[in-house]
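The two complexes that follow have chain A in common; it is paired with chain B in the first and with chain C in the second.
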Partner chain A sequence: MTTVEPTVPGSYDGFATSLPTPTSRWSRLARRQGWTAGVAALLAVLLVWRVSQLPKFGAFEIRTITAGTMTLALLAMAQGVIVISGGIDLSVGSMMVFGNCLSALWMPDRGLAGCLLVAVAVIAITAALATLIGAIITASGVPDIIVTLAASFVLAGMALWVLDAPRSGVSADFQRLVAGRLDNPWPSVLWIGGVLLVLWLPLRRSRLGLAIYALGSDRKAAFLSGVQIAWTRVLAYTAGGVFSGCAGVALTASTGGGGPLASTGTTATLNSVAAVVLGGVALTGGIGGLVGPVLAALCLTLIPAIMLGLGWDPSNAETARGVIIILVVAVAGLLQLRRTRPS
Partner chain B sequence: MSDVTPIAAATTEESTQVVAEIVRETVRPGWRTRLAEQPALVLAGVLVVLYAVTVWKDDSLLTVNGVRSILLLACPLAVFAASQTLCMLTGGVDLSVAMTANFAAYVAANQSGRGPWIALAMALGVGVGVGAVNGLAVGVFKVNPLIMTIGMASVLLGVVTVGLRGWLAGSTDVLDVVRTVGSGTLIGPLPTNLLVWTGISLVLVLGLRSSGLGRVIYAVGDNQIACRLAGVRVWQVLLAVYVLSGLLAAIGGLLFSGTTGSVGVDQTNSYLLPSVAATVIGGTSILGGTGGYTGTILGALILTVLNRLLLRLEVSEAFRQILYGLIVLALAWSYVRLTGQKVREGGG
Partner chain C sequence: MTTPLLLETSAVAKAFGAVVALRAVDLRVRPGEVHALLGANGAGKSTLVKILTGVLRADAGAIAIHGRPVALRRPADAQGHGLAPVFQDPAMAPDLSVAENLRLTRVDVPAVRRHLSDMDLGQLDLGEQVRDVPLPFLRMLDLARALAFDPQLLVLDEITAALPPDLSERVFAVMRRWKERDRAVLFISHRLAEVRAHCDMCTVLRDGRDVASFVPAEGGEGQIVAAMLGEAATVVREEARTRSATAVDVGDTALLEARNIGAGRHLEDVSLAVRAGEVLGLAALEGQGQDVLFDVLSGNRKADRGELVVDGVTVKAHHPFDVIRRGVVLVPSDRLQALLPQRSIRENIAAPLFNRVTRWGPINGREEGRRIDEAVQRLSIDTRAASQVRRLSGGNQQKVTIARWLARGLKVMLLFDPTRGIDVGTKHQVYDLVRALADEGAAIVMFTSELREIGLVCDRSAVLHNGRIVAELPADAGESALLRAAHGLETVPA
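For the complex of A and B:
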């Protein structure tokens, strides 16, 4: 069983080692996409449940779900790339809040074009900061959890520095373009899908994408096969920074402003880890993609809504989220244990 | 000593010289080696320097009350960091300490009508219960400790928030015992909570050094597979570690609620990340197997004094957070440089 996912056809040319007997196309598909399909099924069940609770299910209701998930979905992508590369980033939430504050500082009193320029600038800045974090992790040899933990303090402080109080007044055109009108779910859906298609898909298929998967699945093997470990690691964080920046801009668009609340960042980080785990990305790295985490983010948004619909205290959703995360990791661990043990 | 083999063919005299050189080098280690062997000394030095700098900005630290306030504030942090130290020695981490602490403090205050002993027992029971669930999941079901405890924190937040409108509703009088221990003064600059802290420190420092469980905790953190092959019941060790961690978190929560005289759903959450930071600064590796509680005590004191210094610096809250993060990073970095417990890149 190969652990490196052969996403690029022909990349194994020249291998002289004996390959394991080929598995059938279906079993490969099931192994690779099984988890995502499972999450999609869970999402479908939750969606049907939610629809059955509402007297009317139209564009407004869909928009509430999709625009409400956009930020978490993008943040889950950020965490996802980094976890796939075998790391973890406890600062994605603070990075998002920083991006949110920076765009809320620059965007007010600007037209649509100005806002879009600001959005690009903000994403570039978060990407640069994330690169720096990745570089510090690689250069210092301090475990990634610790570096990103310290970075989360720094970023929360920087958010407070650029914006010392909540601020609104972002151009309505920009809000409509990113989050959509109250009865128009398309912009939010297209942005999530767009980021997946335009940023993630090419990345995954590229040399760098393959290197990220290789690094995550076995660092030593990747090193011995000539993968530039340090660079790949730093660039995975850069990609995470791009996605976190997108999440920050999306947050600005969906709330019409920004606020430097550190607890927003902490909660968002925890949610992103939850979405990544539920989305089928193995914490050990190298396994999974970003579609799963996006679907999982939708599930995580639907759960409190459904509880509210049931007349339960929506705070129970916290409990439910915790239980789901734990169960998913426990079950995934047991499955992996069974898979690696010869029967 | 594979370094010696290439010159094995040389004359006896030459090889004797080489050996003598090696011996001289080992007998007189450089200052770096010496410092790396005594991390507590380095940390104590950092603490003294930091304290001196802080005194320069805030001379109240030289008074009895100043010293007392540092010790008083460092105590809950050090107790939470004790949880982290135990977990990190096994290669784990416990991110549910803050919520466990909040929950335990809430239960103690809510049940105070039943008498102090029952209320305290229930609060500590909460800690042990939460720790047992964490321990079973990590030890038996092999759930990643980071995820397990994040999930547990989420569950506890839900339980407490919902409970406030149900079975936890009603009076919240912080117990007199807790208030006295949490905010009283023993003698001079020594707050009463130092008694609890000293007790915990003695048990942890001595226990980790010389008890069977203590030694096995290091062994499990160093190499779990080797431990299992050597006949150690790894799951029992992990269970014990997380139960102790939950218990310590409950104690920390009670101490904090005694100091502030309040209970709240998220009152100790701001201690969570500093507790990890204090442990890391104290030289316990998050990868497991190295470190100890002595360093953590110094780490907690350093962070408390640092906080005091930043408060006195008359900079904005924003810069305080930035500096805090940078200093934590710098301390962790220099520690890794000094002791060489670096995470290796690739197959190097």
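For the complex of A and C:
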């Protein structure tokens, strides 16, 4: 760089500040995609392990894994987008159960087209409800964890209004279209990938997506950059509601019906938080994406299956799952800390 | 006086609860002018900047741009009216790349690039994550972003504080260019030499009012300093409480000694020593590393370099408890950070008593009560709102933070701006208490943003500038000598 003549006496001794050396392509890639790559590697190991346990690994076995993961994967997306914006949502599971009950109420005795129409309506309703929850959080100033916890009770109650007992009879065509046949795993895989591609990717690239990341990263800086803080917060919940609705519809398709069991929702909420954390989304916001949580959701379904395959007691399998989550997140956190700390 | 004003504020006021930041400020900036906004810490500069840029809303007063009254409710409003700020803290989300941050503000990115290459920074990589960009370059990026809005008034809040001299020169070049285009710059800086060299006009704030406006190159630094201090400079220091001849002798060994402490970019090489019975005053402008120094002294942060010696023993502090158990205690400026706001006075004072985790068994209620009563009486704490500390006045809260250490016993007390925001009467009680503690043999380090307190309470002073001790002065050196040293100007030996 060129030198400049000093204008303030005695302040300048000809010392020239050098431009910062850019971080290498490799380390930039590692920072952006490192965690997702790590989760993918973990998933690969678990898959190989699971395959080696089974006498035969074919379409049926794949379908068991993917169809079983679909709802958790979609719910992890819902939780993920809200956590990225700097919030948390303890009502995603109840929202999913509510969507499940609504679609189980409306879908039976309808053809494929009717079922698809119902699915769209259900997703619109969950999105509207989530928007309302987001608006209450933003307008009232009550912490998000409290509002969404309360909302989860309300939604569980509403699910009981909609359906007072489990109900089945959803069109088999619809089930096949979303969750696949017993020997056809591809629809479930395509739906997970499709939601990522059609909903998440455009959002991630949009100004709203940037605003969601900025909000979670540093709320004050986002405000000073002209981001409409309140709107962005609310819209992050709306996006979460869309994904929760998708999860509800997927649950209907994979089980062929619905049930107002509150504990389904609670467990699913906690699993979604686990998937988000394991998938590399920082609970402080601003960091991570939705691919990681989806891969993490697959890991979380595989772990108990593997433990059962080893002949472990189911309760031990649960313990093992918890221990693995803590270990993975702690190790990954330490690795990241070492990378971000300058030597 | 026929030139229309680019910016005019009249009687702008702002209060935060009981604290009045701005009483009534009139500021007049003409086109083609670089206007400096000056004032001591807490005079209201930053609040005024935040109001002008739409971050805060004024409680009262009017703002006009080119003669037309405007309402600035949001940062976007200010931008729309041609006011572009560069804030003290970089306004960029750390987890996004620079380019993404630029997209967020709807700024014209090619214009940002153009301004960057004008400042000879065209090679900066905008794909870099903000976290990875060193602070001086973030300031320059912030500046380029502000310039890309092509503002009528460019507001630079302490931009040169974090910049090396050669980058500062590029900022000055931008200021000159803006002036030539008949636009204006509002320039806030603690560096008076920069103000003299580059500003056409200056307005000095004191206690939330504009007290003087003049051409800085004519008046010189003397006039600036006098305006910043105001009448306070002429007040007779009759109540000075420097160590009396009857007090205990100052010991030979220092109770607390810092040797060549360095920490990150904030502290370079700080050495200081305080002996028993002595009050050392620390003076500094905002952001010169005093908070980091206190963090290191109180064990809240590990120093990167140098060592900390307490009563002759080198201490490797990993945790505040490591220094607390050797009798070094901190009274921070944010009282609610030190206290348990929802609990009673009694519990707050008792809390540090239970720090010795090796001592088991139930709490000795009678002993606890005795020590607390003693401390409460000694500090004459108003106990009417005793059940919740947060309901006490600021002054009484500060007394409780001091009382909890009295009840525990201490060798060294570190006070960080202990009288910030408390009333005059309580201030004097705090001064008396500090003096009394020293006379009983404690060593005291007190940072203060009110320079007159150095003359009132301290035995000698050290001045911190840019992370270094730049001067050590006797207590009676006077405020203007302190202020000159704090601005990095050389001092005339007393």
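Here, the second predicted complex is superposed on the first by the 306 of 343 C-alpha atoms of A that agree within 3 Å, B and C clash if a C-alpha of one lies under 4 Å from a C-alpha of the other, contacts with A are read in each partner's own complex, and residues count from 1 in each chain.
The definition used in the following text is that a residue touches a chain if its C-beta (ideal position, glycine included) is under 8 Å from a C-beta of that chain, and two chains touch if they have at least 3 such contacts.
Since this is a predicted model, take the numbers as computed values, not measurements.
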Practice prompt. Using the superposition on chain A described above, determine whether A:277 touches chain B (first), chain C (second), both, or neither.
Written response: first
Discussion item. Per the contact definition in the header, classify A:214: touching chain B only (first), chain C only (second), both, or neither.
Written reply: second
Worksheet item: What is the contact status of A:23 with respect to chain B (first) and chain C (second): first, second, both, or neither?
Response: second
Discussion item. A:287 in the overlay: touching chain B, chain C, both, or neither? Say first, second, both or neither.
Written reply: second
Practice prompt. In the overlay, answer first, second, both or neither for which of chain B and chain C A:334 touches.
Written response: first
Worksheet item: Does the superposition put A:156 against chain B (first), chain C (second), both, or neither?
Response: first
Item to complete: Applying the touch criterion given at the start, work out whether A:97 contacts chain B, chain C, both or neither, answering first, second, both or neither.
Response: neither
Worksheet item: Touching A:223, do we find chain B (first), chain C (second), both, or neither?
Response: both
Item to complete: Could you figure out whether chain B or chain C reaches more residues of chain A?
Response: B
Item to complete: Tell me which partner A:136 touches in the superposition: chain B (first), chain C (second), both or neither.
Response: first
Worksheet item: Of all the chain A residues, which ones make contact with chain B and with chain C?
Response: 220, 222-224
Discussion item. Under the definition above, what is the set of chain A residues touching chain C in their complex?
Written reply: 1-13, 15-17, 19-20, 22-23, 28, 31, 207, 210-211, 213-214, 216-218, 220-227, 286-287, 340
Discussion item. Could you list, by residue number, the parts of chain B that touch chain A in their complex?
Written reply: 93, 137, 141-144, 146-148, 150-159, 161-162, 165, 266, 269, 273, 276-277, 280, 285-287, 316-326, 328-329, 332-333, 336-337, 342-348
Item to complete: In the complex, go through chain A and note every residue touching chain B.
Response: 88, 136, 138, 140-143, 145-147, 149-161, 164, 219-220, 222-224, 229-230, 262-263, 266, 270, 273-274, 277, 283, 313, 315-323, 325-326, 329-330, 333-334, 337
Worksheet entry | In the complex with chain A, residue positions of chain C that touch it | 55, 74-76, 79, 87, 89-96, 100-101, 103-106, 120-121, 123-125, 127-129, 131-134, 136-137, 164-170, 172-173, 191, 193-194, 197-198
